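Following are the structures in question.
The two complexes that follow have chain A in common; it is paired with chain B in the first and with chain C in the second.
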Partner chain A sequence: MRIKSTLENYLFVTPAVLIFSIFYIIPFIFVFRLGFYDWDGIVPLKDAVFVGLANFKEILFHDPSWWQAMRNASWITLIALTFQNALAFLLALACDREIRMKNFYRVVFFIPPVLSEIVVGMVWRFIINDIDGANMINRLLLQIGLPQLAHSWLSDPKLALNTVAIVHSWKGFGWGFLIFLAGLQTIPRELYEAARVDGAGAWHSFRKITFPMMVPVMVLVGILTVLGTMQAFVLIIGLVGGEFAGHTSVPVLRILACMRDSSRFGYACAQGISFGAILVIISFIQYRFSKERQLKKI
Partner chain B sequence: MVSKRLLIGILSLFFIAGCGGSSQKESGKPTITIWHWMTDRKASFEELAKKYQEKTGIKVDFQLYAPSDVYSQKVRAAAQGQNLPDIFGILGEKRDFSSFIKAGHVLELTPYMQENNSSWKNFFFPKALEVNEFAQGNSYSVAPGIYGVPIDIMTIQMVYNKGLLKKLGLNPNRPPDTFQDLIEIGKRITDPQIQGFVSGWSELWMIDCFANNYAFNIMGKDKVLATIRGEVPYTDPDWIKVLTLFKDMADSEIITKSVITMVNKTAEQLFATDKAVFAFNGSWCVNVYQGMNPNLNYGVMLPPKASEAYPMAIWGGAGSSFIVNARSRNKEEAVKFLKWFSDRDQQAYLSEATNNLPANKNCLSQIPEVLAQFSKGMDFATHPTVWGVSEFSTVIEAFDKGIQSIILGEKTPLQVAQEVQKVKERELSRKR
Partner chain C sequence: MKTAIYYKAKKNTINILIHLFLLTVAVTCIFPLLWMVSSSLKSQDVIFRDTSFLPRVFHFENYYRAWVEGGFGRYFLNSIFYTAAVVIGIVIVASLAAYAFSRLKFPGKNVLFIMFIAAMMIPIPGSFVALYVLLNKLHLRDTPVGYILAMINVGLSSSIFLLKTFFDKMPTELEDAARIDGCSKLGIWWHVALPLAKPVLAVVVVFNALSVWNEYVLALIIFDSRRFMPLQVAIKLFQGEFVTNYPLLMAGLTITVLPIIIVYLLMQKYIVKGVTAGAVYG
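So, the complex of A and B:
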């Protein structure tokens, strides 16, 4: 009877395990394996040349464009973690209060994230580009008497990456806003009432109630921001057409270039594995950091 | 009970349908499946397929997969799964083409081409066929022969806007003859709304193409190929001269920094709307400009020469080619179809309907004037796929990105040459 019940359980789990194995585990193992081969994606896999750790060594020591891409992605991520998430948090705080039209704002703030990245890229390209766009920002700056602030936002190598980061933040803050808002709404209102009775002001309530209770949510938003931003690339294609002499290159664009332009599938897989490992490590560090913080409090 | 019977009934139906074979067997004639990425030719291909079915009873199913990146990945995935269609095209370098051949996916067409005193082979411009050919002793270790059927040809040249040249006080029918003339025209452009020279140089291959034209002009084919073989360094003064041309273009402001964030579609829009004097583009642009501005008054020119040492060369040859799957059960029918498809009437129809240059040399008399101008460039045409040697992709990338850095004013031509040579030496040492 017990054996039958166990078998039944396994039977129910089998389809899920199979699907997970076929679409996640097996492809991952394949990609991992390919990272050790020199393969052009055309010849049969059995004819691919085993190169051991050569691909990984090349990434680590001989591929400056990869590390430039990593630096660029890290910079965009830093801006997203600070500017984008701060904006999202402030707006969530504002909408958590009893303000007029708060539902309207919630909808408006969530519009950018649901738009396609390529559409956002092209729309912003039209808004800020000199040549094939209306360059509304520069026009506005000229009209309000600030011509010195008008720039070639997308074709100046010193500005292009920051422009990408700002547009990315504009597109992405809505997710953080929603999660922060949901987090804020889980904080019991009685805590604020009790604090008010004890004479705590708004800043004190924020510091002693809101912020500590929002730390797990902030970590979650932080992890999602890092994972989402480090992997951004479609927006960059829409905005600047690609890597812009390396100034806007990011790891996914490098992986694509290796696969598509150079037919180096094995190397691209090694890049993918390395990149995945870096993201896992970053997420793990963030998670550990938040856990330690929570333990210290207890 | 009823539902069990119903289930059995449905399964039986599927089983019977599965055993019944495909529709091709019912009519006794096979269906030829063709994969392509050419969105602009979809309707014309289907029209020709209809004609072929009327003539032979054989159905030809043209399946479109676009954009070209997606198509390229689909073909590679199908090659791995050995489920390529009867006919397909390959996008990529000659090295990729050779990999498909060596993996047994491509039918050698030489015997068919040579039948009846090479009657089929003689349809084509030799340079169009060359792209699909592997010569004796080629560096790819592919058995010599013809492996594809060109369906159109292309040349990548410069186009100039006659109206804007006139506005600049120049003869609209006399485009610049030398590179220096081009630079001088750049200095005349004062209207900020008008670009001097545009091209989709965010796509690295277009920069590579332009640079290679001048490499041939300055140092000749032999020295370019010797560089690829590793016998001449990229730090050679001739290569520095090639790289310096881009610095000169940037300094004269005939190009702006934005050219390296520009996709070719944007460049085409700017040229078609009279906002650019010159553009560097392929013969496919005739159709594009026609769609964007039917009244555009423009002419075609070779990139103006920078040196008298060697003739100017441009990239040209087969634009797109079709390949027969060596594992296809319908390969004989596929070859017959391609023979019909590349014949004069069909090629003339395609050329007229899509404004592409036909690969069949017997129907050039029926093409529009601008296209004819592009076709004249075939005399100067060359292409990396016919050089017999391929540069390392990492070197090409370093070279093209280096040119982008020169245009941005971040690096000097010498710095770029040294960096490219460093990558080249690393690749050569790895190969050894």
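So, the complex of A and C:
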């Protein structure tokens, strides 16, 4: 009777565990194994050549395009961390008060995050590309008499990465905005009242109340921004198109290209492992950093 | 001496500035979409000359052509089918597991649960490479079944987590009563637990529906056959082939975006809930 009941209980988790094992755990193990092999995806898997750490050595020392992709992703992440999150925080501050149309703003700011990356990329490409002189932004700049500000936003190697970063921030800020706003609303209003009674100005109560209470939320948004932005790539496919030229390439695009264009499955997996490890380390450091800061406060 | 009028004027000025800031950002959020719709109604001849927001002539036939000649009707139905199948799959599989993790007793329960949660935290950026190989081996690549199962897995961990958190807080009286009345465990899950979990199920449904509808990379590596492709992959292919026909491309993009906007506007309460729930968890 007991045994039958336990078996019955296992039935509840069986579908989840089966799907999870096949589509998560096996690929996970598989990535780790393949990372040490040289395999073109065509010959039978058992004939793949074991190459030890060769793939990882190549990533570290002989693959400038990988490191360029890492630099590009870091740059986009830096802009997302500063510009995108600052914008999100300012908008949240502006909405966290008695203000009309609060709900309208909240609904509108979260429109870009619910759109797909490929659509966002393609719509913005249509607005700022250079084909057939279709560039809407440039036309607008010409009309208002600022032709010197018109640029080839996507084909100029110096600009393309920044364009990608700005469009990425456009797509992402609404999401940080919502989390910041939720965080701000958990701060008890009495604190502000008390501060005002004690004669604190707006700036002072921001520095002494709002900011310290928002640090954990900022760290959380920071971690999620880094993890999300470093791995972003679909937006770039939509925005820049098929030409994954070096100046807008990012790590996941390299992994995809290694697999699809050069059929180097083992190398692609090794890149995935290295990149995953870097991401885990970054988020761990950020997490520790936030813990220490909070301890110091106490 | 500063008067009350001075303070009132100062407050109003600040409010106007704040609204200006908020409105500017709001306009940048909406403008690209309006421009997309407006361009989808122009003809190819004037699309780059006619800079007006409202086209002089509305070319609604662009939608008909995109739907029929561009094949977006087919891709649209594919996307609807995948979204429905994956969401139903996730709701059933995740709620069964979450219910067991919350209410039932069996050895290894905690280990299994932690395994699901750990999967949410560890990023494996190259996992699609392995998934591609695996699905090839199972002869599930380029099949709807392979894509649906892979996508169920994508939403599984977070859905189990959300549902388990909800079940943990749910009082057990109703379930106890059902048990005394002789209801089986499966019956309790279906007749009692699931109906009570409606608010959190709504979050699970909306979030997973958005994520399946918007998914790109797995569909890209899994499907070779055009007849199976969902919208996101098809629209990118379309751009490559009909590179010069911008109105049709914009009509296709509008078809791709419209369901998302509608679902978002109807369900935005649940979306806000889900985003903040995810944040609290983190």
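In the analysis below, the second predicted complex is superposed on the first by the 269 of 298 C-alpha atoms of A that agree within 3 Å, B and C clash if a C-alpha of one lies under 4 Å from a C-alpha of the other, contacts with A are read in each partner's own complex, and residues count from 1 in each chain.
Quick note on the criterion: a residue touches a chain if its C-beta (ideal position, glycine included) is under 8 Å from a C-beta of that chain, and two chains touch if they have at least 3 such contacts.
Please read all numbers here as calculations on a predicted model, not as lab measurements.
Novice: Taking chain A as the common reference, can chain B and chain C both be placed on it without clashing, or not? Answer clash or fit.
Specialist: clash
Novice: Touch test for A:His62: chain B only (first), chain C only (second), both, or neither?
Specialist: first
Novice: Taking the superposition as given, does A:Phe211 touch the first partner, chain B, the second, chain C, both, or neither?
Specialist: A:Phe211 sits against neither chain B nor chain C.
Novice: Name the contact category of A:Asp40: first (chain B only), second (chain C only), both, or neither.
Specialist: first
Novice: Mind telling me which of the two, chain B or chain C, contacts the most residues of chain A?
Specialist: Of the two chains, more chain A residues are contacted by C.
Novice: Touching A:Phe284, do we find chain B (first), chain C (second), both, or neither?
Specialist: Neither partner.
Novice: Report for A:Ser155: first if it touches chain B alone, second if chain C alone, otherwise both or neither.
Specialist: First partner only, chain B.
Novice: Answer with first, second, both or neither: which of chain B and chain C does A:Ile273 touch in the superposed model?
Specialist: Touch partner of A:Ile273: chain C, not chain B.
Novice: State whether A:Phe50 touches chain B only (first), chain C only (second), both chains, or neither.
Specialist: neither
Novice: Quick one: classify A:Ala257 as touching chain B (first), chain C (second), both or neither.
Specialist: first
Novice: Name the stretch of chain B, from among 76-84, 94-102 or 184-192, that runs into chain C once the two structures are superposed.
Specialist: 76-84
Novice: Shared contact residues on chain A for chain B and chain C?
Specialist: 41, 45, 132, 241-242, 260
Novice: In their complex, what parts of chain B are in touch with chain A?
Specialist: Going through chain B, the ones touching chain A are 69, 72-73, 76, 79-80, 92-93, 95-96, 99-100, 102-103, 195, 200, 202-205, 256-258, 260-263, 266, 269-270, 393-394, 397, 401, 404-405, 407-408, 410, 426.
Novice: Given the complex with chain A, which residues does chain C contribute to the contact?
Specialist: 15, 18-19, 21-22, 25-26, 28-30, 32-33, 35-36, 39, 47-48, 51, 92-94, 96-97, 99-101, 104-107, 112, 115-116, 119, 122-134, 149-150, 152-153, 156-157, 160, 185, 189, 210, 213-217, 221, 232, 235-236, 239-240, 244, 246, 249-250, 253, 256-257, 260-261, 264-265, 268, 271-272, 275-276, 279, 282
Novice: Which of the residues in chain A end up touching chain B in this complex?
Specialist: 40-45, 47, 62, 65, 129-132, 152, 154-157, 160, 240-246, 257, 260-264
Novice: Show which residues of chain A lie in contact with chain C when the two form their complex.
Specialist: Where chain A meets chain C, its residues are 6, 8-10, 12-13, 15-17, 19-20, 22-24, 26-28, 30-31, 34, 41, 45, 87, 90-91, 94-95, 99-101, 104-112, 114-120, 122-124, 126-127, 132-134, 136, 139, 170, 174-175, 178-179, 182-183, 217, 220-221, 223-224, 227, 231, 233-234, 237-238, 241-242, 251-252, 255-256, 259-260, 265, 268-269, 271-273, 275-276, 279-280.
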